[in-house]
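Reading through the C-alpha cells given below for one structure.
The first chain written gets the first letter, and so on, giving A, B, C, D and E; residue counts start at 1 in each chain.
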Amino acid sequence: MIRLKYHTPGTPPATLLPVGTGGCAPVIRLIQYDKADYAEHLPGSVEELDALLDPKKINWIHVCGLGDVALLRALSARFHVHPLAIEDVLNTTQRPKVEHFDNHLFIVSEWIHPDGEGRLAIEQISLFLGDHYLLSFQEEAHAGLYDPIRQRLKSGQGYARGMKADYLAYALLDAMVDQFFPILEDVGGAIEEIEDELVDRPSRATLHKLYDSRRALLQLRRAAWPQREVFNALIRDETQLVSPEVKIFLRDGYDHCIQIIDILENCRDLAAGLMDVYLSSLGFRTNEIMRVLTVASVFFLPLSFLAAVYGMNFDQSSHWNMPEARWPFGYAFFWLLCLLIVLGMLVFFKRKKWL
Amino acid sequence: MIRLKYHTPGTPPATLLPVGTGGCAPVIRLIQYDKADYAEHLPGSVEELDALLDPKKINWIHVCGLGDVALLRALSARFHVHPLAIEDVLNTTQRPKVEHFDNHLFIVSEWIHPDGEGRLAIEQISLFLGDHYLLSFQEEAHAGLYDPIRQRLKSGQGYARGMKADYLAYALLDAMVDQFFPILEDVGGAIEEIEDELVDRPSRATLHKLYDSRRALLQLRRAAWPQREVFNALIRDETQLVSPEVKIFLRDGYDHCIQIIDILENCRDLAAGLMDVYLSSLGFRTNEIMRVLTVASVFFLPLSFLAAVYGMNFDQSSHWNMPEARWPFGYAFFWLLCLLIVLGMLVFFKRKKWL
Amino acid sequence: MIRLKYHTPGTPPATLLPVGTGGCAPVIRLIQYDKADYAEHLPGSVEELDALLDPKKINWIHVCGLGDVALLRALSARFHVHPLAIEDVLNTTQRPKVEHFDNHLFIVSEWIHPDGEGRLAIEQISLFLGDHYLLSFQEEAHAGLYDPIRQRLKSGQGYARGMKADYLAYALLDAMVDQFFPILEDVGGAIEEIEDELVDRPSRATLHKLYDSRRALLQLRRAAWPQREVFNALIRDETQLVSPEVKIFLRDGYDHCIQIIDILENCRDLAAGLMDVYLSSLGFRTNEIMRVLTVASVFFLPLSFLAAVYGMNFDQSSHWNMPEARWPFGYAFFWLLCLLIVLGMLVFFKRKKWL
Amino acid sequence: MIRLKYHTPGTPPATLLPVGTGGCAPVIRLIQYDKADYAEHLPGSVEELDALLDPKKINWIHVCGLGDVALLRALSARFHVHPLAIEDVLNTTQRPKVEHFDNHLFIVSEWIHPDGEGRLAIEQISLFLGDHYLLSFQEEAHAGLYDPIRQRLKSGQGYARGMKADYLAYALLDAMVDQFFPILEDVGGAIEEIEDELVDRPSRATLHKLYDSRRALLQLRRAAWPQREVFNALIRDETQLVSPEVKIFLRDGYDHCIQIIDILENCRDLAAGLMDVYLSSLGFRTNEIMRVLTVASVFFLPLSFLAAVYGMNFDQSSHWNMPEARWPFGYAFFWLLCLLIVLGMLVFFKRKKWL
Amino acid sequence: MIRLKYHTPGTPPATLLPVGTGGCAPVIRLIQYDKADYAEHLPGSVEELDALLDPKKINWIHVCGLGDVALLRALSARFHVHPLAIEDVLNTTQRPKVEHFDNHLFIVSEWIHPDGEGRLAIEQISLFLGDHYLLSFQEEAHAGLYDPIRQRLKSGQGYARGMKADYLAYALLDAMVDQFFPILEDVGGAIEEIEDELVDRPSRATLHKLYDSRRALLQLRRAAWPQREVFNALIRDETQLVSPEVKIFLRDGYDHCIQIIDILENCRDLAAGLMDVYLSSLGFRTNEIMRVLTVASVFFLPLSFLAAVYGMNFDQSSHWNMPEARWPFGYAFFWLLCLLIVLGMLVFFKRKKWL
C-alpha cells in the first residue's frame, strides 16, 4: 500500500542510484514538431540527441526506463538539471509537485491507472519544461499515457501542433487527470454494489469489499490533492515558461481536479455511512436473534420443569408425595398449568413488545 | 449517486461531443425586453437569431437541449465562447463555478429539484453573461426554472424589466437557491419523523430511511457549497458586467446560501446524533433481552436439575439409593428445596440490580 | 427543530409577505431621550411617528408584531430601508448578520430564551441603526428583552442616557448575549445530572435526555457563532455609526460570545464523551450478564444430562442395561460424578477468569 | 465542570457586584523594588497605597480577595481602569486574554493547580501592566503562585530585580505555565496506568478513570489554548509596555504553551485510542463467552433430548413402543448414539474454528 | 510515552540544571575543514577549544553528553548563547523549532531512531549555526547520526567540504529526516501484517499490535510536523546565515517531510479503517455464534419438553391420565410429533434466512 523509495540513511544528499528492483535500460524518443513538420527519432546516446535538438521547433524528449544512471547523468548535464531533481526522478515515489529552476520548471506528477488485475498502478511521470523542449521520464514502458498524444501530434489533430512546449506539458498532465474519471466511476459503482449487498445479504465478504473501496479512495485522494496543487502552481507561475493561453487550459485541468476531489470526498462520506449501516444492521440482527432465543427459552424452561416434576419417582405409598400424580385428571391439570404459563408469558412478552 | 460525464481518456482537450444518453435537439428561445417592450422569438437557426439580436435591449437566449453539436458550435462562435467553456456546457456534471473570459462571464450552476419519484434531480444550468445578453443552457426541457421568471418579465412584475442582463442572471441563480428551501424542509421533516420512529419502534426500515436522509444531505451539501462560491465570485467581480445594485441582491443570495449551508450542517449533526441514539438504543434492548434470558435460565436450570434427579430410576431396594424418594414428605422436601433455590436467586439478582 | 421561513420558489426577490402563521398587528413604540429628557409615545401610524421624530434626540422606534405589511412598507420608505432588508425582517429565520446600507446598519440578531415549557424559543430581532435613531423589530410581544433596557433608560441608570443610538444597539445585543449564560448553566447542569445517572442507573430515558442536551447544544451553537460575527463586524465597522467608546463595549460583548462558544464546545465534548461511556457501560453490563448465563448453563447442562441418563427406562432384566442403577451405591456414585463435573468446571472458569 | 460567573440578564453592562459565594475582604500587598532596594508594605487603604507608590521603582500591588467592591472601585479609579475591565476582574471565569487600554495592558490568565483532593482548581489571575507598576488580582489567598516570585525578588535571585514591571508580569505568567508540567505528567501517568489495567483486568472502574482523564484533558486544553494566545498577544504587542528583552522570555513561554498543547493533543489521541481498545476488548470477551455457551449448549441439547426420550413411560406391552428400551444392549446403543452426536459436533465446531 | 523534562514550578526562568537521570560528562569534538583540509580535535576544555577555533575554516563543535553544567555555561559564554537557549538544550524534550538570535540561529530537532528493543528512541539534537561554526549538542553518545557525515567530510565525498556551515546543518537535519523512511516502512509493514491477521484469525494480540502501531504513528506525527516547520523556517530565513544554494537542499528536505507526513496520515487512515474492520468482524462472528445457539436451542427446547411430558408418572389407572402412553403406537406418535415440530422450525428459520 505504501509506495516508498529512499536512500539508506547515511547516503549523501543528491546521490544517483539505480531504481530498487529492475528499472530497465532507458529508451530515448525525440519528437520534433512545429505547425508544419513532425518527426520522430530514437537517438542511441545523449550526444546523438544533442545533435538532433532544434531550438526552432518543439523538442519532446521522452525517456522510458530509469535503469542507466550514467545516461541520466549525461542527460541532466545536457539540460542543466539540478542533482536533487534528477534524484527525485529516480526515487519514483515523490509527491506531485512543481519546482522552479533557473531555466526550466520541474514537474512531478502521478499517473494512476488500473493494472490488469483489478488494482491501481501508480507511476511517477517527471517533466522538465524548458523554453523549446519538454523532457519527460517514465519508469516503465506503458505507452498508454503518451501514445494518444503522440498520435494527435502526428495527425495534427487538436491544438497541440500550433502551440509551445507548455501546451505539451499540459496535454500530458491532462491525460493523467482524465484517467481518474473512469476509475472514480468504478469505485462509485463498487460502493453502490456494496450498498445493495448490505441491504440484501450482508456478509463478511461485503465488509472486505468496503474496506478495499475505502483503501482505493485513500490512494486516489493521496494522488488527487497534490495534483491539484501542481495545476495551481503552474497557473500562478510567473516565469515566461507557461503562456497565458495555456493557463486557460490549466485552469480547466484545475477544475477537473476539484471535481475529482469533490467526488472522492463524497464517496468517502458514503463509504463511512455504509460502515455505520453495516454495524447497525448487524446489531439489529443480533438483537432479533436474541429475542427469538429468549422467547423460546422463557416459554419452554418452566414447561420443561413442570414436566420433569411430574416425572419424579417419589414413593407413591405416602399420601403426601405427588398427590397430583394420583388424581384422575392429573394429566389434564398438568396441561392446564402449561396453558396458564404460556398465557402469562404471552402477556409478558406482548407488554415488552417482543412479539 | 455520482453524476459524472467525461471524455474517454485520450480525447484531446476541448472536444465537443454530444451528451451521453440522449440530449434532445436544442430549442432556442429569444426573449427581448427593456423597460417598455417585451417580445419572444423562437429562431430556428443561429443566423436567424443573429438577425434578431438587438444590443439596445436585453437579449435572453435560452437553449433547451444539448443534442446538436453543430448548432452549439455555431452559437459559441457567434458569442465568442472559449471551446473549453462550451465543453463544460456539454459535460453537464460540472461543479458550480464562475469563470472570467474577455467579454463575458461564464457561470455554471446546479438546479436541484425533486423529480416526481421522491428523489432529487440535479440539472446543470450554464450561463454566459455578456453586456447586453444572457445566454443560458439547460440539458432537459423542464420549464419549472425559467418559466416563472419569463412570466414576471412578461407581466413587468418585480424589478427585472428595469434592470440589465446581470439582474436576469441573478434572478435565475436566485430561483435555483430558492428551490433548496422546500427540499430542506422535507429533509428536516424526514429527520424528525425518523427521530420519533427511533423512540417508538426502531426497525431496519428506519435505519435505511436515516441512511437515505444522510445521502440526500450529502448531495445537497455538495451542491450548496460551490453555489455559495458562485455568489461570492460574482459579488467580488471587478468587471463592469455586474453592477453595484445587483451586487446588493447577490449579497442576499449569498446570505441565503449561508443559511442553507447552516441548516444542512445542523441536519447532518442531528442525523449523526440519531445514528448514535439508534445504536445505543439497540444495545440497550439487547441488554434487556439478555437479562430476561439469563434470569429465566438461571432460575430454572437448578430447579430442572433437581426434578431430573428425583426422576432417576436407581434400584430402590438399596437403602442408599435415593432415600429421599422414599420419605413420606419427600415431595414437600423437594418443593422446599426449590423455594430455597428461588430465594437465593432472588437475593443474588437483587444484589446485581437485574430485577 | 429547523426554523425556516421562505418564499415559495418562483416568487420575485424582495417580495413582502405577511409572516407564515399569525404575526400580530404591529405596535409601534417610540422612546425619545437624551441626557436630560426621556419620553415614550405610542404613535398610531407612520405619519404620526414621523411628526414625533426629533433628530436632536435619540429616537428608539420599537415595532412589536410583523402582521401588517402595509405599515412595514410605509416604515421602510420613511427610513430608506432596502426592500431586501425589510424582506429579511419578515422572514424571521435569518442567520444573525450585519449589513451596511447607505445611511444605516442593518443588524439581525437572535434572542434565545427559555419558553415556559422547558424548551428554547428563538426570536429574531432586527435592528436598523441610523445616526440618531434605532429602529427595532420583534415578531412577538415578549417584553422580556427590551423592558429592562427601557427601565434603565427611564431611570437614567447605567451609561445609556449619555450615549448615542449605537450604545442602545449594543445594549440590546448585550441583553441577548447575557441570556445565554443561565441557559448554558442549565445545559451544563443537565449534563452533570446525566453523568451521575449513567454511573448509577443508566436507562433509556437517560439516553434521550442526553440526546436532548446535544440537540440544545446544537441550537445554541448555531445561534452563538453568527452572534460572535455580528459583534466582530460592528467592532470592525468603518462607518461613523459606531463610535470608538461603544466599540470597547462591543469588544466586551465579543469576549462574552467567545466565552459562550468555548463553554458550548466544552459541553459538546463532554456530551460526546458521555455517549462513549454509555455505550461502553452497556457493553460491560451485557458482558457480565452473558458471563452469568454462560457459567450457569455450563454448570447445569452436563449435570442435567447425567440426571436424565439415570432416569431412562431401559429394561433392567438385561445385565447390560444401566448396571449403575442397580448398584447399591449408584445414587452416591451419581453425586460423586456431579461433584467431579462441578470441580472440573470450577477449574475451567477460574482459568478463564470468569469467576 | 463548567465554571461560570455572570450577571443576571437585565443588569446594565459594567456593573460591579461582589463575587458569588464569599470572596473574602481584600488584602493589598505592595512590593517596591529596583536593582538596589526591596521593600514590602501592607497598606490598609487606597489612599495609603497612593502615598506609598514611587514611580521611580517597580511597584507590584497584589490584591488577594475580591470581596470589597468599594475598595476595588477606589483602586480602579486610582489606576484609571475601565469599568468593563474591573467587571472582568470580578467575574472570575473569564477566558485568558490581553486587552489594550490607554496607559496599561489588561491581562487575564488562569492558574490551574491541583487542589488537595485530586482534582484541578482553576483560579483567575488578573494583571494590569502599567509603566512602573503591576497591579495583580487573585480571588483566593493561595500564596503558592506569587510567593516564590516574592522570595526571588527579595533575595535578588534571577533576572527580575534588574528588569521592569513587564518582566514581573512575565514571571507570573511563566509560573502559571510551569504549573502545567507536573499536572501533565500526572495525567500522562494516569493514562498509562489505565492502559495497563485495560490489558490485564478491564473493569467499569477503569472506564470511569478513563472518562475522568479525558475530562481533565478537556479542562487543561481549555486553559492552555487561550494562554498561548496571551503570550502571542504580548509578543506582538506594539506599545512600549513590553520591552524587546522581555519578548525573548515571552517567546520561551509561548514555546512552553505550544509544547503543553502538543502533549495534550497527544494524550487526547491516546485516550481516544484506549476507548477503542476497551470497546474492542469487551467485544472480544463477549464473543469468547458466547462461544463457550454455544458450544456447551449445542453439545448437551441433543444428548439431553436423547436421554429424555429413553426416560419416557410408553406402555411396554406394545411391541411398537420404545423397542430400544427392551433391547439387551439398549443402554450401550444409547451411549453409542451419544458418542456419534459428540463426534459430529466436534467436526462441525472444528470446521467453524470455534474450538 | 510522554517525554517531558521541566523545572519544578517556582524555579526562576533560564536556570541551568543538570539533566534528570544521568546525562554523562560531555565530550567535545572539534572538526575543522575547508575544501583543502580536514582535521579532528578532542579539546579537553573550552579554553583549549577557543584556541583551536579558526574563523577561516568551518568549525564543527559537537558536544556529546549534557552532564556538566559548568562546561555548558562556559561554552554558551564563548558563543554568546542566550540563557533560555542553553536551558532548552538541557531540557531535552523540546519541540523542534528554529529561533533567531543576534549572530546565530538556534535549531532544535529530534532524531527518531529504533532502539535495539523494537521501540522508537527520540533524541533531541540542538544546533547553533553561526557564520563559520556549527555547535551541536546531543544527550547520549550514539554515533549513528553524526558518524556518516564525519566520514563523508573526512573522505571529501559529497558536497559538504566545498560548502559552509549551513550545509553542514542541513546535512545533519537531512540525516534525521532520512531516518524516518525505514521506520515508516516498518510501520507500514506492521499494518499490512495486522490486516492479514484480521482477515484470517483475529485475536486480542492483533488488537494490541494495532494499538501499538497507532501509538507509533502518533509519535512519528508528533516529530514530523514540527520538523517540517524547521525546514520551512530555514528556507524562509532572511539572515545571511543560510545561503541560497543550501536553500535548494533545504527545499528538498522540506519535500521529504511533506512526503513523510503524507504517508503518516495515510497509515493513520488505514489503521483507523482496520479498527472498524476489527469491530465489524467481531460483531459478525458474535452474530453467527448466536445464530447457531439460537437455532440449536429453538430446535431442541420443544422436543425435550415433549420427551419430558411422556416421561411423567401420572397414575395410569385413570383413563384420563396420559392416554397416549397406553396407545400401541404412542412411541411412533411421539416421533411424528417431533418430526412435525422440526419441520415447522425449518420453515420458520428458512423464512428468517438463518439457515
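By definition in this document, a contact is a pair of C-beta atoms (placed from the backbone, for glycine too) under 8 Å apart; a residue touches a chain by one contact, two chains touch by 3 or more.
These numbers were taken from a predicted model, which means no experiment stands behind them.
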At the place where copies chain C and chain D touch, is the share of residue numbers found on both sides over half (same) or under half (different)?
-> different
Distance-wise, how many Å sit between the C-alpha centres of chain A and chain D, to the nearest whole number?
-> 40
Between chain B and chain A, distance of the C-alpha-averaged centres to the nearest whole Å = 25
Find every residue in chain E that makes contact with two or more other chains and list them.
-> 279, 283, 286, 290, 293, 297, 304, 308, 311-313, 322
Looking only at which chains touch which, which shape fits best: line, ring, star, complete or other?
-> ring
Note: ring order chain D -> chain E -> ... comes to D, E, A, B, C
Sites on chain B touched by chain C in the complex = 148, 152, 157-160, 170-171, 174-175, 178-179, 181-182, 184-185, 188, 191-192, 199, 248-249, 251-252, 255, 258-259, 262-263, 266-267, 269-270, 273, 276-277, 279-281, 283-284, 286-287, 290-291, 293-294, 297-298, 301-302, 304-305, 308-309, 311-315, 318, 320-322, 352-354
In the complex, go through chain A and note every residue touching chain E.
-> 1-2, 4, 6-15, 82, 84, 87-88, 93-95, 97, 99, 201, 204, 207-208, 211, 214-215, 218, 222, 275, 278-279, 282-283, 285-286, 289-290, 292-293, 296-297, 299-300, 303-304, 307-308, 310-313, 316, 322, 324-332, 334
